[in-house]
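When the chains are written out, they are named A, B, C and D in that same order, and each has its own residue count from 1.
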Amino acid sequence: MSLIALILLPLLGGVAALFAARLGNNAERWLSVGVLGIGLVVLVAACLGGSPDPRWLAFSRTPWAPSLGVQLLFAVDGLSAAMLALSLGLGMVAVFTSWQTNENSGLFHAALLWTVAASNGVFMSFDLLVLAFFWELMVVPSFLLIALWGHGAREASAMKFLIFNAVAGLGLLGAVFWLGASAPIVTFDAFELAKLARPAGVQTWLLAGFALAFVVKLSVPPFHAWLPDAHTDAPTAGSILLAGLLLKTGAYGLFRFPAMLFPEGYLALAPVGLVLGSVGALYGAVMACGQTDAKRLVAYTSVAHMSIVLMGVSGGVHFALMGAAVEMVGHAFSASLLFFLIGAVYDRVGTRDLRDLGGLQRTAPRFAAVFALGFSAVLAMPGTANFLGEALVITGMFQVNWIYAAIVLTALVVSVVYATRLLKEVVFGEPGPKPVTQDLGSRELSIAVVLGSATLLFGLLPQLLMTPFTPAVDAVLASLEAVRR
Amino acid sequence: MTSAALWPGAIALLAALMVVTRDSIVHALMYLVAMLLALAAVFFALGAGFAGALQILIYAGAIVAVFVFVVMTVDSTPEALAREKARLRRGWRGPALLVALLLLPLFGGVGIAVGNADPVPVKAIGALLFGPWAIAVELASFLLLAALLTARHLARWEEKP
Amino acid sequence: MTALFWLAAALFGIGLFGMMARRSLLFQLLSMEVMLAGPALAFVAAGAARGDAQGQGMFVLILVLAAAEVGIGLSLYLRLSRIADVSDVDTISDLKG
Amino acid sequence: MIPALTVYHLLLLVPAPALAAFMVLGLAPVFLHRRLVMLIALAGGTAPLLAMTGMMGLCLTGQCRGVAPIFTLQVGTAIVDLALLLDPLSMITGMTVTLIGACVLIYSIDYMAGAKTADLRRFFALMNLFLAAMLAMVLAGDSIVYFLGWEMMGLCSFFLIAYNVFSDPAVAAGRKAFIMSRIADALLLGGLLLLFIAAGSVRIDALIAAGLALPEGQRTVIALLLLGGALGKSAQLPFHTWLPSAMAGPTPVSALLHSATMVAAGAYLMARFAPLLAASPDVMLVMAVGGALTAAFGSMTAIFQSDVKRLLAFSSISQIGFMLLALGVGAPAAAMAHFVTHALFKSLLFLAAGDIAHSAGDDTSIAAMKGAASRRPLAFAAFTIGAASLSGLPLVTAGWWSKEEVLDAVLGSGGAGRALWVLALLTAVMTAIYAFRPVLIALKPGPVDAHPHTPGLATRIPLVLLGFGSLTGGLLVGPVIRLLGGVHPEMPAYSVVVAALAPLTGLAISWQLSRSPQLADWLAARRLLRQGLQIDVLYQAWFVQPFQRLVDRLSGVHGTTPDPFGAAPVTMMLWLKRQLIDRFRSDGFDSGWMALAGTATPLWAVARRSQSGRARDAVMALAGGTAGLLLLGWMTA
């Protein structure tokens, strides 16, 4: 039952935040932080509490609408737990990031918490209909975040985000309905459905439906067009949630369900994933080199990194899968850090145009130091979780086909081009027409330190991630192995 | 008893006609008093003494007195009277026709089974009003209070109306 | 007895005629008093015919209604007389469609 | 997870002080006083030398083969076990690096005295981080720590080249260096990961063993990938172009990173994986030929330089070419011996050149060295010693001993070795030419000191120390080679004589050059050669500009659709919308209702006239209606 609390807490907390905003004294902010903190405690307690099945850290099954075969079926293993912790933790970071946002603050925090609630639902639902429900639900509060508190052409960007993701979500919904209806007794229980045999052709089509939703959320080219716009126009907290959570739901879904439900379809579509991913890794990296908006640049790096995740997930070998999982976490921190820093620059000078920025080194040395850290992470310097993930993906790609490995290595080289460009335009050089005169304050510095040290922590102590991820990776490999034989 | 009521009734009818056709408001008011008193006579003749008494006291007494106060504000010059007369002369036929059409079915269709009954004692009226009709009476008192407040509010003098 | 009801109807009709034909607001108010007298007579007459107290009870209520109407009507008259020509109500037509 | 401690865990103490100094200087969010900054930097820079000396003692007492495991992690079927490694190779390299690092950091205290405190802090933080990274790489017992150090060196190199962040050329040079070395790093990473897959372990000895067990083809590919990494880091052909531009960094940076230690890491890599490479003769040949060509190219280009730092940069390219040549002919011991002496005299040259340039108002051109002999006698003497050692004047200089070992190894390898030996001799001649050019110019009378700041103790100590080393380092060459298990091949006497004559010939030519203004003018006019055959320009045209065009095209700079790939689905959906939805836009039902609404308008116009707004009319209508109803009731009753 405590797993349901992980969804209900932020959901109801969001409602409470709506009203708490009237109390003043940052009540809604502390409320949000408290709710997310309690969520973390609940998560830890649930994972330590044990479950009957050794495969899962926590497991809960509650009937909901038995006649429709719908139940609240939640299961958490190391991967889910990491994603849930990420979602709650980044939610907190997002709250602290937007400490200065005062306009309609109650709804803002409500939307923030609701996003966390919905993505929590995605990260642990194993009833596919409930999964699809949370999948669609996730889009709405993020849409609000972009449309109401964004910058620039925020309404258009929010609509783009909504249309892309809602339309892609239909693929998931359709495939889920098909699956549920095709079972002898109507059920959406993923574990039950995984046991049913299906012809390979049907599996491929169903997987295509699932993958459409996941790949669009993952923003792999050519389905990435919404991401740069959404990131550019979203408020900083929105960008953090977008990069840290929403993209990860796509990666998580690809990791979890295709091999579990459609192993033969997975084998059939894996080459497509590899090709899409390799095109995307190069394309995203090259696009990032040409951007003039700092946030857009980072958004395209997200595209590139998520494409690498797609490659890893499609690789179907231990190293690649593990690399994709680690990269998910690493990217969540590094991208959040960069979005946060660029957001902080934007708050100060009101522009993100690389041509107008510059000179942080002179005017704000702390800023420059933290920026260099984020820069190293986006470059996949050894010692950051990003490097670990990418190196593992490359290793796996060598086992699949050396060409894919060469492509990821090339993307790694191009990453230097855009990363040094970002650093050169923002940190180096003479201060631009609008210099940043105010260095990071203690609140901002602690956010940056938390995000930066998380990147380094998981990079230097990889077992923190790799040990909990092993069951999930092994499960994928086991279901593939059953088909390959 | 009915026939005793008919004579004052005829007077009331005439007086009513005079009320609506006079040029001068003062004359009309006098005829109104006449009509009300004639009706009171009708009531007495019908054995409804309570109604008759109320008619004299409140209608002919109080209400008409209020009218008189208001009428005192009217500027009743000969020109105004002539204008009023001309207006009435221009447009009396249409309304008259309409009223005739209205009365036609009433006169034609209304029939009442007549029986002779004893006069109603005032005590019965009191028992009715403060017994079964208590709510109606209370509502009436609310109405009066509301009218009082409304009148006070509307008639209050303001610098800029 | 029927004659009394005809009388009541006639009083109502005369009052209505006055309402329609006269254009001075005060005359219209007087006409309304005449109109009210009709039903009042009808109630009293019917009550007398049946020996029922309800006829006079209704008369009392009509009386109250008339009092309220006169109070409001006259205060409206006073109010209107400041801003419009109350001797010709046809000039007051702000609600024209 | 964490294994029992052994004496070899003391190896952790070698990079630790530098790392600690970096953390304090770079990350502590508190203000540090200028003197404190220098003190911390100095401690971080010199403590590794002490720790390393201890390890050397351990090594010389015979316990010179030890591993200090850090932690172990199971990844699937593979084992990731990080460890530090002490063996003769890492000991010798580590000693060299710590010694040079300490000297350069001491020197920097004086040299960087003019910088602002914040910049000073950044400088020393990065220098210490570099030192830690380099030592981690040198002492690495596994490919992960190795690559960590390798990449962090690249990162520090980028930040230090672009240390003067307000100068566009410096930042551009940093980016260039970073991007080019990243290409090489990608190759190296690929090679290391392939080995990792084969070995299922990251320990370097396991990697080598697994690599040797691989089939011929795969082994060659891996060896080529590793060689690619070494060529990039060591600025060998065809990756050499970044090193001359990297001279935009401060002189201590050039002395430490871009000559003595980091750039030579490629040679160290090749020495580390020497057994694996030895099994791929083709790759060895490529390395030997490439090294010899780079050596010749570098020294030839150096002759034409007009800037001391660029001259020294090309000299580094050339000298590391010598090392790779030695490695290519299967003599890693000779290569490492040359690495040691090269580190000594090249850092000496840079430090001396930096001091001389200070006295000339920070002008690093060769012409500005005129009068240096009288302005800065100590620096001039140091520079001369360095140049002598670089050109390998026989017997008295360290450079001669190590170069002799290299040449002998080349000649002794037979076959193509003879041709390479001739090329190497030519290179030695050219080396002496360019090495003495600045020295001879510095002898000429010139302007007085432009920099009133006299060099302090912090400048003198490193110069004296390194100068001493450059002269007597030759004594170390024998022990180093023995320690590394190399053998000195028996050579015919003529080769020694010829090799000894080569630098002297070069010196004579250089003397001639300095005497004849026509020759000097001729040198100055050879722009193509001075710019290294303009390979930079070719790269610009072949790689950078096409990439830039691609980027411009994709981001819609010239009016093309930005992000065409991402716009494609959007365009497709819009097309579908036009085809499907717009076709049904004129809704028949809707227009029917609209027509009905249209006819109602005149009706409304008629109806509104009935609203006169007069109370009397309303009463009349009411009366009429009532009358009508009553009449209806009466007539139908």
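Convention: a contact is a pair of C-beta atoms (placed from the backbone, for glycine too) under 8 Å apart; a residue touches a chain by one contact, two chains touch by 3 or more.
Since the structure is predicted, the reported quantities are computational estimates derived from the model, not experimental observations.
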Number of steps on the shortest touching-chain route linking chain B and chain D: 1
For chain A paired with chain C, centre-to-centre distance based on mean C-alpha positions, whole Å: 80
Whole-Å gap separating chain A and chain D, where each centre is the average of the chain's CA atoms: 33
Inter-centroid spacing, chain D versus chain C (mean Cα positions, whole Å): 107
Interchain centroid distance [CA atoms averaged], chain A/chain B, Å: 85
Overlap residues in chain D, where contacts from two or more other chains coincide: 620, 623
Shared-contact residues (touching 2 or more other chains) in chain A: none
Multi-chain contact residues (two or more partners), chain B: 94-95, 98-99, 102, 106
Topology of the chain contact graph, where touching chains are joined (line, ring, star, complete, other): other
Inter-chain touch pairs (all): A-D, B-C, B-D, C-D
Parts of chain D lying in touch with chain C, wherever the complex brings them together: 607-616, 619-620, 623
Of all residues in chain C, those that touch chain D in their complex: 16, 19-20, 23, 28, 89-90, 92-97
Contact set on chain B toward chain D in their complex: 94-95, 98-99, 101-102, 104-106, 108-109
Chain B - residues contacting chain C, complex: 2, 5-6, 9-10, 12-13, 16-17, 19-20, 25, 28-29, 32, 35-36, 39, 42-43, 46-48, 50-51, 54-55, 58-59, 62-63, 66-67, 70-71, 73-74, 80, 83-84, 87-88, 91-92, 94-96, 98-100, 102-103, 106-107, 110-112, 114-120, 124-125, 127-129, 133, 136-137, 140-141, 143-144, 146-148, 150-152, 154-155, 161
Parts of chain C lying in touch with chain B, wherever the complex brings them together: 1-7, 9-11, 13-24, 26-27, 29-31, 33-34, 37, 40-41, 44-57, 59-61, 63-72, 74-79, 81-83, 87-88
